[in-house]
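What follows are several structures.
Next come two complexes built around chain A: one with chain B, the other with chain C.
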Partner chain A sequence: MTLLAVLSHLNRADGSATYTHNGYAIIGAVNGPIEVQRRDEMPEEATVEVNIRLAVGIGSPKERHLESLVHNTLRSIILTRSIPRTLVQITLQVTSLPEEEAASGVDSACTLLPHLLHTALLALLSASIPLSTALTSVVIAVPASASSKAGTTMLSPTAKELLRAKPIRATHVFAFSGNRKLLLSQSMGVFAYDEWGEACEMAEDVCCRDEGGVGLGEDMEVKGGQGNLEEWLRSVVQKKVEMEQRWRVAT
Partner chain B sequence: MPREAEVSVNEREFIYQALQENIRLDGRALDVFRPLELTFGDEYGVADVQLGKTRVIARISADVTAPLPERKFDGIFQIITEFSPMASPAFEVGRPTDAEVILSRILEKAIRRSNALDTESLCIIAGLKCFALRADVHIVDHDGGLIDASCIAVMAALQHFRRPDVIVEGEKATILSAREREPIPLSILHQPLCVTFSYYEDGDIFLVDANLAEEQVRQGEVIVTMNRHGEVCQVAKYGGATVDPLALLNCTNVALEKVKELSKYIQNRLEEDAKKKDAGGLMAELSAENDR
Partner chain C sequence: MASSLASLTVVLPGDSISPSALPQPAKKTKPLTLGPGLRHLPPDTIASTIAGALVTDPRKNAAWIEHNSGRYLPTSGDLVIATVNTSGADIFNCLITPHTPYAALPHLAFEGATRKTRPQLPTNSLVYCRIVNAGKDSSPELTCVDPSTGKSEGLGPLKGGMVFPISMGMARRLLAGKKGGVTVLEGLSEKMGFEVAVGRNGALWVDGGSVKVTLAVGRAVQEVDERALGEKGQKKIVERVLRGL
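The block that comes next holds the complex of A and B.
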């Protein structure tokens, strides 16, 4: 699994991030706080605007739906009340999708959503927009055939894995805040409430930092080749800050 | 959606004064391009152009549709340029600015109407099926010179793109995937590139490849599109400055020199990329391309 992120690489935007993961590549840019148009202005809060642009073709209702999901999730972590009557403009440009994406038969709204959220968060951090907490998100897929070896739930599957495990019965997307609070739960397909609960717990394990110790982190390394998402997020930002603070450390 | 911050009077004067002394803010000579960088994606038909601080990504994709009823033997080729707030907060989604309209019009004239791409080769079955090619131009970072950068990006992406091969049996056409047969490059007739000249001091001084600050204080611009054989595809002039007709001839001479440099660079990069993709040295054997 290759999670890669580059921060603040665009000159014009206030904050930017490029995020690459399993064939998904997204460029995120944030402008803010900037002047807001009169009709969107809110007296006690900042306006958040999210634009999602596809690699190929112009936006459709599907993108509008994704935009509203990302918008509502981010609004809950941006401290909109501390920058009232301004605009925070978030643009997410998808630059490439995995080849198997279209054939996997899973709605791309679900598979793309965690990546969009991560990109947006990194861009927001890069633009120094006041946030109440960080956010991590993961997609979980449940294949229909329980008999096959892939009958178990799949954690953050790649497009190839999804194609192989076809047909998929249900997909869930969860987003958690830094203090282990559920921010977003988007599910599609057929599933029982118990299954949803299980998936939710599984996602929480991957998303949130384990306060107990090292045990879980190592365990995950063996299973998915991936540490904790929150830790990864922290390390990306930490590296960037260290890089920027070299002049201070050197003296 | 705030307006683009205008250059202040002092800054404007400063740029003018420097230009009169033949100095540009970034230390370039008056007729020099910013450093150009061109990278290709893993997929075919993705070109990422960086011209100084300007960055443009062009992406070509192909689809199969029915051709237009009045053009039965031609495929469809479209260039889509839509600015996003990523490049500048002044760009609003769904409301094209003048710059956007001019960009799409120039690209249309320079690439589509100059027949850079042989659309007839995109036809599969006359009147029934053809390839619809579409070039999406994404402006990622905006620091002037969008027209030049986009033109380079689209042309490079077109040359990099490979379309799937087809087998036609009577009225039935089968599209072969990349696994079944190696995709074929497009038939490109010539490579037009744009060079923008910015005019100052009522046409006395001109600059090649102005950056955003220089673009904002210019009085007029002349866009010359030509290919490396010296054939002029189009000349467009915007803005109020008067330009001497003889000066235009000079422009085409300068443009030819620049276009030759640029095409050579693009060609080099394409060859490097082809070499990288041709890992086992089997490409020549696999190729399903017919000689023109």
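The block that comes next holds the complex of A and C.
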């Protein structure tokens, strides 16, 4: 996986991140905690606002749907009660999609969702908004021919792979918190409950670290081939901290 | 200063801090103090809420997460540079950071101010003040006097000069004195005369008497901030700035 992340690169936003993965590129910006409009104000909680902007064209109900999914997932991890009567504004601008995206025959809501979640999380980390946990997310696709060939369930497939494996029978998006709790499960297509369970386990392996305990970033080895998403997240944060603390060792 | 980056403990939000990583105080009676970025989950879990480096102080029995990004959150006791927005009946409505609720600065919270001789501050004037009260349930309150002595102790309206935006980490370093490792101001002050005020909200006010000196000092500090320069790098900047004048 080639996950690229740049943190805190926008000047005027409180927190920002650019995320690139397999042809998807998204810029995320977070402003907050800022003053909230009277009608959105909640006496004991912060308001979370998510705006998703497309690479081309104007927003449609599909984007509203994605916004509500991202909003509900993020609201469950932001400690909204510690910053009451404020607004956390998250803007996600999709800057490029893979060329094969439209032809792959899979709803882009599913393939885009994990990337949107990752971008939003990185921007929130960059803005130092209090969070109860980090999250990692992955998409799993099951081709219609999965039963004939063994092990063809595709983990985080690229748009090209999806195009080749057409038709796709089912797609699942899973998001896990740092303590291996399922935060979001979004599925489309035809599948049996067992298949969903298998996909869920598969996603958990990629999203969460092997040992349940907290190593506090001391063991940073990445298992061969398929990178672990939480390890990746830690390496991004490690880079951010090193950048911020480099004056301590500068001459 | 000497601590290397490898020894830093990097945490993600939601990580629980192991008891061995917390400070071990000499005296058992001293309670553990949690700073920014840490929260206590009863009964005995300490978890981080932001991404950053865990820092501990065994003498004060304190632990916090060091970070240098995001918006400034008002904390009581902090020195900030506030901008006056409007004047109410008996308070000035000030902004500490943009797009946040007003902070209240009473007309009488200045040195020597009485009902008859209250300061007149027009919109957009700058005030160097201390945060008295900042809770999540109320808007922050500011003051320019020490309540015990009634003296200003350097606080008050800032006249002339210019404000330079700096990172919050840089503001902390400037206010930390020797520990912050910022020597550029001392170096420049050997040849030039200027006044500075450092606000924890990421603002540096400089008045050098002339535009040239003000800009030179402000830009030098900003460069030290952006490039995270150590002592040698700062010396080079001082030399370059002094040569340019």
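Note that the second predicted complex is superposed on the first by the 230 of 251 C-alpha atoms of A that agree within 3 Å, B and C clash if a C-alpha of one lies under 4 Å from a C-alpha of the other, contacts with A are read in each partner's own complex, and residues count from 1 in each chain.
Following the convention adopted for this analysis, a contact is a pair of C-beta atoms (placed from the backbone, for glycine too) under 8 Å apart; a residue touches a chain by one contact, two chains touch by 3 or more.
Owing to the predicted nature of the structure, the values given are computational and were not obtained by experimental measurement.
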item	value
Touched partner set for A:A102, first chain B, second chain C, both or neither	neither
Which of chain B and chain C A:V56 touches, first, second, both or neither	first
Partner chain(s) touched by A:L10 [first = chain B, second = chain C, both, neither]	first
Which superposed partner A:K240 touches (first chain B, second chain C, both, neither)	second
First, second, both or neither for A:L182, with chain B first and chain C second	neither
Chain B versus chain C as contact partner of A:I34, first or second or both or neither	both
Chain C versus chain B, contacts on chain A by residue	C
Shared contact residues on chain A - chain B and chain C	31, 34-35
Partner chain B, residues of chain A touching it in the complex	10-13, 16, 27, 29, 31, 34-35, 37, 49, 51, 53, 55-58, 89, 91, 93, 95-96, 99
Interfacial residue positions of chain A with respect to chain C in the complex	7-8, 14-15, 31-35, 77, 79, 82-84, 125-134, 177-179, 214, 216-217, 233-234, 237-238, 240-242, 244-251
Chain A-facing residues of chain B, complex	1-2, 41-43, 46, 53, 55, 57, 59, 61, 80, 82, 84-89, 93, 134, 136, 138, 140-143
Residue ranges of chain C in contact with chain A within the complex	1, 3-5, 8-18, 21, 37, 39, 49-54, 66-71, 73, 99-101, 136-137, 169, 173, 181, 228-233
